[in-house]
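What follows is a pair of complexes built around chain A, which joins chain B in one and chain C in the other.
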Partner chain A sequence: MLRLFWCILSRDLTLALRRGTDVLTSLFFFVIVVSLFPLGVGTEREVLQTLGPGVVWVAALLASMLALERLFAADHVDGTLEQMLLTDQPRALLVLAKITAHWLLTGLPLVLIAPLVGMQYHLTGAAVGVMMLTLLIGTPVLSLLGAIGAALTLGLRGGGILLALLILPLYIPVLVYGAGAIDVAATVSVADTRPYFELLGAFLLVTLVFAPVAAAAALKISLE
Partner chain B sequence: MALNWFKFASPASFYPIAGRLVPAFWIITLILLGLGLYWGFFETADRLGGSNAQKEYYRIIFIHVPAAWMSMWLYVVMVGWAAIGLVFNTRLSFMMANAVAPTGAIFTFLALWTGAFWGRPSWGTYWDWDPRLTSELVLFFLYIGYIALHSAIDDVRRADRAAALLAIVGLIMVPVIFWSINCPDPNQCAALHQRSDLTQIDANILFAMLAMTFGFWTYSFATSFMRLRGIILQRESESAWVRDLLDTGDKA
Partner chain C sequence: MLEVVQLECRRGDRLLFSALDVEVGGGTLLHVRGRNGSGKTTLLRALCGLFTPERGKIRWRGTPIAELGDEYHRDLLYFGHLNGIKGDLTGVENLRVTTTLDGERLDEQALWAALARIGLQGFEDLPTRMLSQGQKKRVALARLVLSRAPLWVLDEPFTALDTAAVALLETLIAEHVAGGGIVVLTTHQDVPLTSGQVARLDLGS
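Now for the complex of A and B:
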């Protein structure tokens, strides 16, 4: 079981890193979206400090969502995905391995670039720390939930825009509590962010258990 | 007499039954809505045009609350049929889920719309990011997502099953809306919707509200069955009984 997980994970990572620009594209999308807001709403320090947490999280949502199409698409086109599902290995585990690889390539870079973005918005050191932590807990939830949508819309015409319609409503709780925690850390105190992290952690655990199963079921429906 | 329920699971045998039920549900709907509106306007303690003039805009409650209840309930009904379809692989269940979705979406929209008109005089704003407003809006998006996913997939079997799975995932929003009065941190989100309790409502107002709710419910039956009949004809258009039906004219 564990060997299957590592096998799929290392395969997906190797394939993606051979074409590194794909990984960088979603990262730069995130940076560009975040950089556009100050140009649009003005560069006053107070405004940016208020907007920062929400903008970072919305940009993370969009970046994560845009990368979702690649989660199963390439393997679906060349038939690999069908072969994988035909093996007698547990489907949910297989999907979880693919989601993990996807998060390492699209979610983790966002966490690492976050301090730079925090500087653009004049966030305090504590707020930046909290921001990195919320992204670290929250972006896996985005990948897990997104996998369900990616599996459901596999191979559909206009799949990308449809995926957004299906998945963004489900992302809202993560957005609310992710951005909320940063806001509390910036305006009240870091100690008060605890309930937010508890909720984000709960989201992560629940989606970690159920999302791979649901995504595997969705893949089965889409490939029948 | 042992009733064979599975007989009605066949679209061919349910089609005429639905056809007979539609007018019955319409009649009950009109009676209940008439009764509810009459009671809400003239039989409450502060009857319309009475001496103790209260703020009349509260009467929007007779549309707003039943619509909000039905928006949540119809989502549960839709998920129920979708889940039955996934488990038992019955075609009619998926068609039912499909037929309920637009009515549910309309009630969600109606709850938001009437809420805006109620919010303007009482809260001073059409819209606020109150937890219940926000979660109701998310419910609306979920209905739209269900309908959009279903219509984007050409293969009906895949469309049914994919949309069913999406509906089940979205079910988690319904309890969130229902209990969205209790905000995790009152300092962070001041809830405009206050905790309410059916036992504290004036009996006449409650009666009118319940009459409206059941009226909306039978309305949902009527419209869903009408839509279901359309869906059945569309999907079974290749089968012999539909061709017979079309040849002889719609007698059912």
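Now for the complex of A and C:
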């Protein structure tokens, strides 16, 4: 089981690293979107501090979605996805491996670049720490939920827009609690962010269990 | 072992075939023939469970394949129109992924030997996008060398192959059939078999 997981994970990582550009696009997209706001609304300290958490999270949602379409599409085109569905190995595990690779390439870089982004919004050290942590727990949820949408819209014409319409509403809870935690850390205290993290953690656990199974089932429907 | 009962397949509104009955036992090659668009690929995909037929049943060892699920997948090797290999991965890497998916545990040596047998010596560690069409097909067909699945479903396996590769593939198929396996394939050329039996199925006639 672990061997299969590792095999697919390393395959997807190898493929992404050999392509290169795929990894960087969503990261640069995130940085650019976040940087546009200070340019647009001015550099007033208080305005930026209020906007910061929300902007960072909205940008993270969009950046995560940008790469979702490619999650299964490339494998669909060259027939490797078909082979994956015909295996006797657990398909949910296989999908989970693909999602993990997707998160490592699109979610984790956002977490790591977050301190740099926080500086633009005059966020305090504690708020930046909380921001990194919310992104660390929240972005895997985005990849997991997104995989279901990517599987359902696979092979459809104009699937990209449909994917956005399908998935963005599902991202709302993560956005609310993710941005909320940063806001509380910046204005009240870090200790009060605990319920936010508990909720985000619960989202992560629930999606971790259900999303791979749902995505695997959706893939089977899409391929018929 | 493989039974098709009263199968009817449609694509959209178009009826491809109906009331199709086939029975294939061990050690048999089923050669599916028919003009373009007669439903050969659809039949093969239905046999793999990748296409849901309108009517009828497909049974493997007496049980409908939908009920068998993963158990059936273990016994099945499907080779479709698309090669199912990644252009950015090398031949060995591609083969490692596909054999892992087949549930095999193979060492590097076995993978290299399989690629050598299929005639890709010296090309094992080149990204497959650098290879020619025929060589890509060979990379994909290297699975057959290592496969232990009793049922092979091959969709046009001979296209883009040179005469040496065609002969090699014919040998692989003959070996599989001689070992009691089943091969279902579509091709526009005749496949000579030295042992075992060849059944023919003509679609759209």
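Simple rule for what comes next: the second predicted complex is superposed on the first by the 224 of 224 C-alpha atoms of A that agree within 3 Å, B and C clash if a C-alpha of one lies under 4 Å from a C-alpha of the other, contacts with A are read in each partner's own complex, and residues count from 1 in each chain.
Note that a contact is a pair of C-beta atoms (placed from the backbone, for glycine too) under 8 Å apart; a residue touches a chain by one contact, two chains touch by 3 or more.
This is a predicted model, so every value here is computed, not measured.
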Q.
After the overlay on chain A, what do you see for chain B versus chain C, clash or fit?
A. fit
(Q) One more residue to check, A:Arg3. First (chain B), second (chain C), both or neither? (A) second
Q: Name the contact category of A:Ala92: first (chain B only), second (chain C only), both, or neither.
A: neither
(Q) Going by the contact rule set out at the top, does A:Arg19 touch chain B (first), chain C (second), both, or neither? (A) second
(Q) In the overlaid three-chain picture, which partner chain does A:Leu152 touch, first (chain B) or second (chain C), both, or neither? (A) first
Q. Which partner does A:Ala126 reach: the first (chain B), the second (chain C), both, or neither?
A. neither
Q. Which partner does A:Asp78 contact after superposing on A: first (chain B), second (chain C), both, neither?
A. second
Q: Name the contact category of A:Arg11: first (chain B only), second (chain C only), both, or neither.
A: second
Q) Counting only touches as set out at the top, which of chain B and chain C does A:Pro195 meet: first, second, both, neither? A) first
Q. Angle at chain A, chain B to chain C, CA centres, as a multiple of 10°?
A. 90
Q. In whole Å, what is the nearest CA distance you get between chain B and chain C after the fit?
A. 7
Q. What is the shared patch of chain A, the residues that chain B and chain C both contact?
A. 224
**Q.** chain B partner contacts - residues on chain A that touch it in the complex
**A.** 148-149, 152-153, 156-158, 162, 165-166, 168-170, 172, 180, 184, 195, 199, 214, 217-218, 221-222, 224
(Q) Looking at the complex, which residues from chain C come into contact with chain A? (A) 48-52, 70-71, 73-74, 76, 78, 80-89, 93, 96-98, 100-103, 105, 127
**Q.** chain B residues touching chain A - in the complex, by the definition given at the top
**A.** 134, 138, 141-142, 144-145, 148-149, 152-153, 157-158, 161-162, 165-166, 168-170, 173, 184-185, 188
**Q.** Partner chain C, residues of chain A touching it in the complex
**A.** 3-4, 7-8, 11, 14-15, 18-19, 77-80, 82-89, 94, 223-224
